[in-house]
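Next come two complexes built around chain A: one with chain B, the other with chain C.
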Partner chain A sequence: MGLWKKLLGNKGEKKQEEGQAPHKSIEMNIKTIKEILKDCDDIVYREVEVGVENNVKAAIIYTDGMIDRNLLNNYILNNIMLTVRMTPPSPEDIKKQIASHLKDHSLAVSEMKEVETIDEGVTSILSGDTVLLIDNYDKLIIVASKGWQARGVSEPVTEIVIRGPRDGFVETFRVNTALIRRRVRDPKLKLKAQQVGVRSKTDMAIIYIEDIVNKKILKEVEERIKTIDMDAILDSGYIEQLIEDNWLSPFPQIQNTERPDVAVAALYEGRIVILVDNSPFALIAPTTLNAMLQSAEDYYERWNIATAVRLLRYLAAIISLLLPSLYVAITSFHPQMIPTKLALSIATTRQGVPFPAIVEALIMETTIELLREAGVRLPGPIGATIGIVGGLVIGQAAVEAGIVSPLMVIVVAVTAISSFAIPSYNVAIGFRLLRFGFIFAAGSFGLYGISLAKLLLLSHLCGLKSFGMPYLHPFVTFVEDIGDIKDTVIRAPMPSMNNRESIANKNERNRLDDKQEEEKYKEEEE
Partner chain B sequence: MFSNNDKISPSQIANVLVLMMLGTGILTLPRTLTEAAATDWWIVLIIGGLGITLIAIAQAYIVKSFPGKSYMEIISATLSKPVAYIYIIFLVLFLIILNGFLVRILAEVVKMFLLLATPLEVIILSLLLVIVYLVRQGIEALGRLAELLLPIILVLSLVLVALTIGNSDYTNLLPVFQISFTDVVKALPVVLFSFLGFEFVLIFGTYVNKTNELTKYTGGAVLVILFLYIILNLATILTFGTVQITHLIWPTLSLFKTIEFPGLFIENVEALVMALWVIIVFMSIAPVLLAKVVLLTDLIKGKEFNYLALPLIPLIYFVSLVGDNLAEAYMLLDMFTLYAATIVAFIFPTLILIAMLVKKKLKREGSTSE
Partner chain C sequence: MNKKLFLLCILITSIAITGCWDSIEIDDRTFIMALGIDVYKPTEEEKNIEDEKKYLPQHTRPPVSLTYVASKPISAGGEVEIANITMSSVSHSSFTAKRQMISRSDNELFLGHLKAVVLGDELVKNPMLFRETMDRIEKDPLISRRISMAVADGTAKEALEIETELEKNIGKFISSLFIRQERSNRAPVADAGDILTTLHKNGNVLIPRLVYSDKEIKIGGAAVIKDYKMEGWIGEMESLAYMIITNNLMTTALNHNMDDLIIPYTLTEIKTNIEAEKEGDNIKVVLSVIGEGDIDGLYFNPEEDVLDPSFVKKVQDGICKDIQKLIIEAIKVFQKDYQIDIFQFGDYFRKYKPDVWRDIEKDWEEIFTELEVVVETDIFMRRVGLSR
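And then the complex of A and B:
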């Protein structure tokens, strides 16, 4: 039990934080905040005095580098220090209500709120807002003043399309929510923000379209997010791993995307999008293997081309999983399957090779994985070069040195190319890992081993669920959800895709506008 | 969290049943059927198939009348509790033995066609372990896997059958209508036993979510098998003729061995067919293990059933090694099915049905007399 606990980590109780109410006196409040933020030298305290007689004390506190200085100087400090003196009523007349007067008449900022505990105020300071303290007022005024150096919206790096929008999510939470909102002008689009991570207090939002989303799945997502207990959430990858169904599986059960159009398409299908601050990757749940093998472009290109590309992609997935193991099985167990001439030529090329086919396959597969990993780590131009140099030179040299046969090099190259054709990087990794399992199965039991490994893999996939959604949907509910096949291996013509997938709420399966439909029927009747 | 032992749809159970029936009859049916009825095989097959359809529908009707009840609860309600306990224990033993034989035959075929040098024990154990993994995933995973695999298997087998048309000789079908009525009756058991597997609707029926559609889908499943058997038998007889078939152990496999693709990358599809066939038989063995586990869970009133899968494996393994060679194993299996399977698939369900109908009638009379 002790070892198990150490392995899995200690699941501590969530700390309950009691909020401390602000004091009437401004000195006390500043002292408390300074106490909490001791040795935090990036916090700026600016104490000012308001009024003609300079008899009301005020202070602003903010984190340097996270605020918009322009806004702070021109619209907050300028107003409370200068404008107040010049315009009636004079502070002397309204001494009692100076705080509410400042709040309602002087501060020319668009977003402002009040909080009643010091802790909330501190969190606001640390998130880039400015806290305004006023003497004799026992609330903290929070002015939204977030503004920092951020990366601009640029083209997503991991999901490139030839046709389609070029904007991608960035690290700033608000920009991302705006990118989604711009594509859904519907009051039913809900965006529930909350903070996760005991220390990091990372902003995140669960986004869905209220009437399309499946309420059961939504509830499950919300409940699982509530159970997250971590000190810091640095990327959406943390959340993905903390709320997924089966952490033993090599397959991702939550999709991620850098493209706002993909995220919004998922929303319109009734899925749920999770955005996390500081991460350009949005999460989409629930997802299916089928969705992972789709690209945004499939919907922007004409249907027959998209269908052909999808067929190719499914073929690529199968090749990247099976080809090396089939080579091993056929050359070492069932040479009678292939035409005699080819069998002879394979035998000739393998003549000088000292290893059995499985060792040969493992050597080459490991080499290509090394090349790929090295290519990712190296800076751009060198990365591309190492692929070519490594691939060509090592392949050629290995054949000439008699370590592997030329056919093996072809097999490995085709496999590698196929695995690049899978649009979702994390699914491709899953297939890459499983490929080695298949090679071992083929090396020990031939085609029978491949059949068994296939059955094992399919058993796993059939048992896998993503938030209650079968992972292989709709292939495993073929008879019930035959309509969903329209968006799988094939991509049906756009006019015929008038129904949502069965993920969505049952009452909102039709995508068409009801009014327009009725008019159409009327016209037909006339 | 969402569990995987929840509910499956009627279409999924139909797919499971189709694959179970396919696995038992596909290998030997052309030989046994031709031995029994020669060129009039199709009369026997159609009569038998339609008969099985009716029986299967009747069994589905039993399940439908007790929605959500497990097999043991159904027996307890109709034939009293002690009978239920005794029968379930008998059924589990039956299924262990059946499982052992099915695994043995698969392993023998794999050894003969694919892995000549690999020991039988290794083949059997590797297969059993994969089956345990599937069973531990639960009934939902099984239903989904069946629904995923069946369309692929159907399309591939029809393509393979279509490829054998080139070798067919249509005079092999003649002469027709040579069979007498008594011969038909004598040949019927051959057909009935090749449809075994449909009776599992009684065990898995408790997990179906739309029970009122169950009869339709169960009948449909048997008809799909009937169609497939007719096609396969036709193709086999067209290729080999009635005399040659009787000398082949597994005529269907021999049939696919005749397919050749000269000039293509794959010249000989035999190994490929075997790989496909392994999947079919796997899908007829895995539900048997799952059925045992489900019945045992009912018996001991357990909640989670996936822990029971692994402990059964040694028993199945020992049963699978009974019989020194294939001929002996087949002989034992034939005897075994003749007696035990008749009880399990035909006699006992009929008793349940009668008891159920009688009770219903008594109840109705009781309520009308009041």
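And then the complex of A and C:
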């Protein structure tokens, strides 16, 4: 936090830009816009004359490819050029107020607004809206005409579940907000849109449920977003990095998700969701390590299965962090800690391996990281081939050549599989990175080194916060929040999960409606 | 800044001073499975006997010979197999023997997987050497307290050089022998931790006996150590009685002779309770042994009905008497022959009858030899086996 404020806090508020007001004359306005958008050949200027006698000049300006041409032709051009002549009152009466007549009576479009500066108009053009200029009218009429080729709602790639909704966020901001709104039919759901990025002017929204959200955290999020000073925001990842608490940490302090159901579940828990245009990843803040190790499916599957899976997942996290370093520490320093038969069997497999265990571990871990990275880069079918060639062929050949021991291959493979079992990819990368640190600690100081590294990691995690929320919540929490344990390593049965986590506003801890709550108590009394 | 530098220095030094610095790869270690310690005696067949004899008179005590049985994976023609290696070294102290050994080994001799220590009986008869050996075992941080100890009826070296028919790897064989010994109960507990604790109390302990022939090794009976010195052996039945009295018996199988019949039976769930009574000047210890057992079998188509309660009762009474006799005889051996309170009756007085103990503490050794011990046995034959 301190560091974050130091680096971002002193930049201060953005200066409000004083825009140029439109001129009365349409020629002047077009000229100004053309000057601003000089050499932008995708901007289309269509000048028309309207009015009964065609004596009022008008122009529409839009960006080619970003608008809905059908809407433009049928409901804007058609209306201002033809329909306007047929509508009463008589042309003589309205000559002076042709602009307002157009606006209020002729343009059959659902969304329209007026702006008073040229710059705002230009931003609208570049956002895919159409600007309508009318002679002798000193405002710009913006007609919402956004419509471009976009990816349809499809299944999220990074968070696949067996049971649960199949829709995922897409790159279009409005589609994403609609996906969230569909799941929250509550007027208390607030969606505060703004634009970030000096040049990119990317749409983004802070979404929360007003009475559930913790006002303090909301204020913190809003303040941090205000301090964002970047020319372009291309993905929610930019925002994540610009507003997180501690960027030196290997752990992400803001969760991201491609799944609207996960985002909405977070909203109902009192968290805040940040949507950014052009990014299918919504941000969820604040978050905890515990939340990162959960999957949406945990709530859709029955509680006992979900609990078992969660236990497995925590085990996977520990394995992916510690297994190679434990192997190194035990084989190099403490062979007395394993059963004699196993020790002899390890010694047998390591016979003839020329490297010490730590080098062996580093070679294999680096190889598997290379394979993984290559697998991501390569196109689909070849990626799978590389997996087989790398995993099976190289592993087998390395063992036969006597460079590594077969047990090391097993250790590395189990570690790799475990790290894939962690639902959040960004936490898994953190663990992958830390694993190398642990291998070095184990290689130099044995189990003692692992314990030291664990202490360091734990002290870091205990101090880490996500928007004021302890990152290890609820494992490092006060007694009054002990109920949050219900949704950690275990997942309590649904009926017992009446209360929200302590992230939420204190008055709205209970998930039940007030009336329902009363009824429930009555039933209990009876 | 200085403060941070200072903290960093402390951190680095504390890591550097305390970290493990003994990194040796697992394949560079030779796992010593069993260790034999003997008094060194140069044999006349050895050519350099005159040279060897030089070692002898210089010291008030003889040098020791240590025999290591190690398992080590050795690659032979592409295939790796675990070889069984026996090495010996003579040294003036068992502490230095390992260091001498290292100069003859390409690998680190690793004691972390030591399973058994076998002591030659000559060595145990010399209190000085015995105490030094026990000190060496206790002080080594790598030697586990759960290893087994035995005294060889002969020399440890000979015992460890035997190639048994069942298992060529003698280290593995001896270690599994001790696991089996825990079940057969014909010898006292071989656990080094227990032996060391008992020795710390008064220097008296029983260590299992290891008997060997040309091709075989077995554990049975015990060496009686009195004041860190071996006084003699006790047999398997006395050991069994000792195990019953000290509540260490898991299960055992015995035979009962009844009217020309031999009835094999198994004892389980044996619990022994010690009570002490003082009537005037007479001190009495009452051992009540309760337990269960099974009659394992009789013979084909018996005339007696094993389902008949009176028959079972008869067998049961006989068995009770057997056990009673067994225990009384064993106690007598320790009272009369060795005169050591190996059952720690004195400990019982100290803990539960402190007022009595205060009076008898000084003369306990004499009192023990004359102590009246009453044994009550109550063994119930729960199962009689399949009949007809």
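By definition in this document, the second predicted complex is superposed on the first by the 501 of 526 C-alpha atoms of A that agree within 3 Å, B and C clash if a C-alpha of one lies under 4 Å from a C-alpha of the other, contacts with A are read in each partner's own complex, and residues count from 1 in each chain.
Everything that follows uses one rule, which is that contacts are C-beta pairs under 8 Å (C-beta built on N, C-alpha and C of every residue); 3 or more make two chains touch, one makes a residue touch a chain.
Just so it is clear, the structure is predicted and the values come from calculations on it, not from any experiment.
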When chain B and chain C are modelled together on chain A, clash or fit: clash
Going by the contact rule set out at the top, does A:I388 touch chain B (first), chain C (second), both, or neither? neither
Does chain B (first) or chain C (second) touch A:A108, or do both, or does neither? neither
Looking at the overlay, does A:F445 come into contact with chain B only (first), chain C only (second), both, or neither? both
So, A:I482: does it touch chain B (first), chain C (second), both, or neither? neither
Once the shared chain is lined up, is A:K454 touching chain B (first), chain C (second), both, or neither of them? first
Please name the chain, chain B or chain C, that touches the greater number of residues in chain A. B
Please indicate which partner A:T331 is in contact with in the superposed arrangement: first for chain B, second for chain C, both, or neither. second
So, A:G463: does it touch chain B (first), chain C (second), both, or neither? first
Tell me the contact category for A:G352 with respect to chain B and chain C: first, second, both or neither. second
If we overlay the two complexes on their shared chain A, which of chain B and chain C does A:M28 touch? Say first, second, both or neither. neither
Between chain B and chain C, which residues of chain A are contacted by each of them? 333-334, 336, 340, 445-449, 452
Touching residues on chain B, where the partner in the complex is chain A: 1-2, 4, 9, 11-12, 110, 114-115, 118, 123, 126-127, 130, 133-134, 137-138, 140-145, 147-149, 151, 262-272, 274-275, 278-279, 282
Residue positions on chain A within touch of chain C in the complex are 331-336, 340, 343-344, 346-353, 356-357, 443-449, 452
Could you list, by residue number, the parts of chain A that touch chain B in their complex? 220, 245, 333-334, 336-340, 342, 445-452, 454-456, 458-460, 462-463, 465, 467-468, 470, 472, 475-480
Within the complex, chain A is touched by chain C residues 15, 18-20, 22-27, 29, 31, 33, 71-75, 80-82, 110, 112-113, 115, 142, 144, 175
